[in-house]
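As structure tokens, here come the structures.
Shared between the two complexes below is subunit A, which pairs with subunit B and subunit C, respectively.
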Partner chain A sequence: MLLIPTLLGASIIIFLMIHFLPGDPAQILAGPDATLQDIQNMRIRLGLDKPLPVQYFLFMERLLTWNLGNSLVSGFPITSLIVPRFLNTLKLALLAISISLAIGIVLGIVAALKRNTTVDRIVMIFALLGVSMPVFLLAVLLIVIFSIKLHILPATVIGSTPSIRHLVLPSLTLGLIGAAPIARMTRSSMIEALSQEYIKTSEAFGFSIRKIILVYALRNALIPVVTVAGLNFGYLLAGAVITETVFAYPGLGRLIVDSIFARDYPVVQFGLMMIVALFAVVNTVVDVLYALINPRVRLE
Partner chain B sequence: MSGFLESLLTPQNKMLLRKLRRNKNVLLGGVLVLIFIAIAILSPIISPYSPTSGNLSEALRPPSSNHPFGTDYLGRDILSRVIWGARISLVVAVGGIAISILSGAIIGGFAGYIGGAIDDLTMGVVNILLAFPDILLALFVAAVTGPGLENVILAIGVYNFPQFARIARGAVISVKTSDYVEAARASGETKSSIFFRYVLPNSMSPIVVHATLRTAASILTAAGLSFLGLGVQPPTPEWGAMISEALYYLDAAPYMWVFPGIFLVLTVLGFNLLGDGLNDVLNPRIKD
Partner chain C sequence: MTYSIQESRTDEVLRISGLKIYYKGDLGLVKAVDGVSLSINRGSSLAIVGESGSGKTTLGHAIMRLLPYNAVIAGGEIIFNGRNVLSLSKEELRKLRGYRLTMVFQEPSAALNPVFKIGSFLKDVLKKGKGASMSESELKEEMISLLRKVRIPSPEEVLNKYPHELSGGMKQRVLIAAAIANGPDLMIADEPTSALDVSVQAQILKLLDELRAKMGLSLIFITHNLGVAAQVSDQIAVMYAGKIMELAPTSSIFETPKHPYTSMLLKTIPTIRRELKKEGLAAIPGSLPDLTSPPPGCRFHPRCPMAMEDCRKVDPEPIEVEKGHFVSCLLYRDKA
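Entry: the complex of A and B
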């Protein structure tokens, strides 16, 4: 399993980048009027005066004991900030990936069956537009249509617990964008599956076309789709950063962006770590699923 | 002119050129990309007004003959800002991709060529970087380095690096085991001369395809960073930042987000079409 080394590596990279790239957090947090002594005090408060390996060790200790310390800005414990936001993002991501899979697979199958017709071309143009569409522009379009013109859905979340109605537009934004690559992948792997000998054979044996498509072709066609969907989950988490900001959705992405502006480095560090961990876990699950549906692949 | 250029090409390249011309995606994508590049290069000449200074008494005017795309909340001409925005996007995308190709091709290519422990270590780091979902790596770099044009270019470079390193490595490994490299080795050429004369040039086609597709993704990502306020800063005209400024005027002044939005989508679409088309022509084994 590559999960543990990946997470360890990611923690080192997040840690080192915050320390080596320009911009001294102590100086920034101490404010523009700070004296050298103030900056030094801030450095000690942040633990930045200790040698790097010690700092990394402390960072990992806090992460592993789930004792993340307090936010530099609000003073609240970071765990109490991150956990509810993380669950909100998870909710949004799961809903969005379901929308992506439903729309993407259906459109992909339709396009493959109606290959080289107008229907196929329209689906493919939509898929291409989906790949080329910035998340924030689609979000703006949906807000204008559903919130401003039709008045049927709220554009922004007020408070910290989003209701189902608040989830519709953000998850639709992410889901539609994510549907595009899944539709393209489903189409091409479905076309390949339908051209296989065994499909032609079963057709010749008089099995119903519907059964052939749904049972035999689709099962094989979905194997690469699983991988794309797993990768897509990463784009989705990343896209969630922007989507959550547009819709003022109280998720982890928005927390990270807000904390970046507030220079709340510990929150940024641990927030990023959570997203990377979620992505790595999903990728591992996808690898396992991939091996389950495709017996030719064996996990080492 | 084109006749003269064609006479310089080998028969194989001529055939490739003919295939490229016949591919609809290459054609349409190429046209969109060329228009984008032309607007970017010519922006000082074709933009009718200053992109950064406006007249507050003329703020939020809908499209008219004076201002074909209208004016924004500071009375700046949106057409001029959209035109200069092309230049910003081009600079960021080309700069960022150049950084990632150079570093990715050299580091990934070298790792693949040398093999062994260096290869394992490099790919270990690359795989960890790939564990950061897409824009997050760029977001992270931009967050730590602070906003600004150079930092966005750096962020785009870092975020594309692992992809190019991986592709370059794969390409080099597949070329290095081929017969003509075997032949060069047998005839006593040094490792570095084999790498630069045979392996690198023959690994270019997947890199070219990927560079085109990643340019599309990079333009989106850079616009996303600026939309969040972490990228290019106002008053610099940037498409993502323009759409973010429009958030308060979505209904009152739709022209503030519609025009930069259309240019952004068409530009990204152009690079995606071109990349898909090049992929069909250069990697002909994938047919559908």
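Entry: the complex of A and C
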């Protein structure tokens, strides 16, 4: 289990990173008219006068006891800021990865079965576009098409609780972009699986084409796809920060970006920790899934 | 002209006549199987022996209609249980395969799907035929009895295992169990022991021979090894460059080989006696002809020590020199 050491390492990096950011939070929070004494007082109030290791242990203590303290800017408890935003991002991410998997796997299978035909080429061009297109460009394109031209979906979220309708465009943005690498991987691993001897055995035993493709070949072809989808989840979380900003979606990514600009560093630190924890958990789930579909891994 | 070992054809499972299979290649058509005729009776076994590239595997795959996309069936018929396999629809073929007609492959490790348990594979096979209306517990019993038939120890455990947890010999037994699961009429075994250790080879050969006798199934055994062929076959067909050179009861092939190629092949079998005499192994000089433009006349004539002038011009027809012993060689044309 690499989950614990990963999280510990991440906590140290996140803690240090904030301290190396330009700009002194004490100075900013004390305001433009503050005297040196005011800034010093603020520094003591924030605990920034203590040595770095002590600050790190205090940070970890707050994290582990889930007593995150208050936002430096708004004064609200950080827990109440982060948790609903985290759940919103989780919703978005899960929906997006589902869209990616559904579209990517179906297109990958179709391309593999129709390889070197026009259908295959169209799918691969789509995949190339998906890999190369920046998230914000697709987001803006979707807004132009669905919100501005067709008026069928809202472009931005007003308030802090997005509805299903609000989720459609952001999750489609992330899902379509995530579908591209999955489609490419499914195509190549499917072509490989279909050329294996055991597929010939399945034919020799007269199994239906449907069963051969969707069960015997796909089960093998999905092994590398699971790995790609897991890694993709990391890019998806990074992309979520941009997507949330474009769509004004009340997710954790946008909260972190806003807090960085406001130098609200405890919110940034704990927000980042939540994203790291989510990614680490997803990777652990991928490892388990991987062993489930690939029995040869289980021995190790 | 069709080879037939017995006069009565009532019990004929398979009859191939004039079969021609060509591969489309960059250099033209490769005539992999070029006018092969043979037949096999219920419960008997035929070994098809030849060098790599002789067309023996193509012939085996043609019977199953498992040919690669660039293969062309240029002529002939494959009559299995009275129906021409070559004119069946995909759906009819699908019903035949794994049920009346089955195949065992060369590489048991590659032939089993690595992500499915043995039990799941066998269940899928059984559900095609015998097990179509069985309950889960009946299916399990049937699978266990199948694994017992192929001499797999602790069959219940094996059902729950993945292919990589079994040895090569065990995997081949599993594949044989699948091949006999629905009580087929004909099993084609394509070099089923070539990838296995010699000691395991002998066990598998014995098993195949036993199953054939017990279940009354017919066996086509494809091999490059005459010694292996001797252990499992009633008749042997010697193939060279897409044609059958000689077809005879197994004992006749070994005792009174007629075709010069067969005689030369027999000399390539290593024996301890030859080793001790330090005779070394005989090799057949030359190599298989280019099958895009095979030599005119007899295809073996460029390598044949007994080649005559006519061998370059006349493609020999099979001649029945003794009862059930056919040879395609001009040396015997006066006996026709």
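One rule holds for everything that comes next: the second predicted complex is superposed on the first by the 294 of 300 C-alpha atoms of A that agree within 3 Å, B and C clash if a C-alpha of one lies under 4 Å from a C-alpha of the other, contacts with A are read in each partner's own complex, and residues count from 1 in each chain.
Everything below uses one rule, namely that contacts are C-beta pairs under 8 Å (C-beta built on N, C-alpha and C of every residue); 3 or more make two chains touch, one makes a residue touch a chain.
In this text, all values refer to a predicted model and were calculated from it rather than measured experimentally.
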In the superposition, subunit B vs subunit C on subunit A residues touched: B
First, second, both or neither for A:293, with subunit B first and subunit C second: second
Which superposed partner A:14 touches (first subunit B, second subunit C, both, neither): first
Which of subunit B and subunit C A:201 touches, first, second, both or neither: second
Which superposed partner A:117 touches (first subunit B, second subunit C, both, neither): neither
Partner chain(s) touched by A:276 [first = subunit B, second = subunit C, both, neither]: first
First (subunit B), second (subunit C), both or neither touched by A:220: second
In the complex with subunit A, residue positions of subunit B that touch it: 124-125, 127-129, 131-136, 139-141, 143-146, 216, 220, 223-224, 227-230, 240, 243-244, 246-247, 250-251, 254, 257, 261, 264-265, 268-269, 272-273, 288
In the complex, subunit A residues that touch subunit B: 2, 5-7, 9-10, 13-14, 17-18, 21-23, 128-129, 131-137, 140, 143-144, 148, 188, 191-192, 233-239, 241-242, 245-246, 256-257, 260-261, 268, 272, 275-276, 279-280, 283
Contacting residues of subunit A [partner subunit C, same complex]: 196-198, 200-208, 211, 216, 219-220, 223, 293-296
Sites on subunit C touched by subunit A in the complex: 64, 66, 93-99, 102-103, 105, 107, 110-116, 124-125, 128, 162, 164, 175, 178
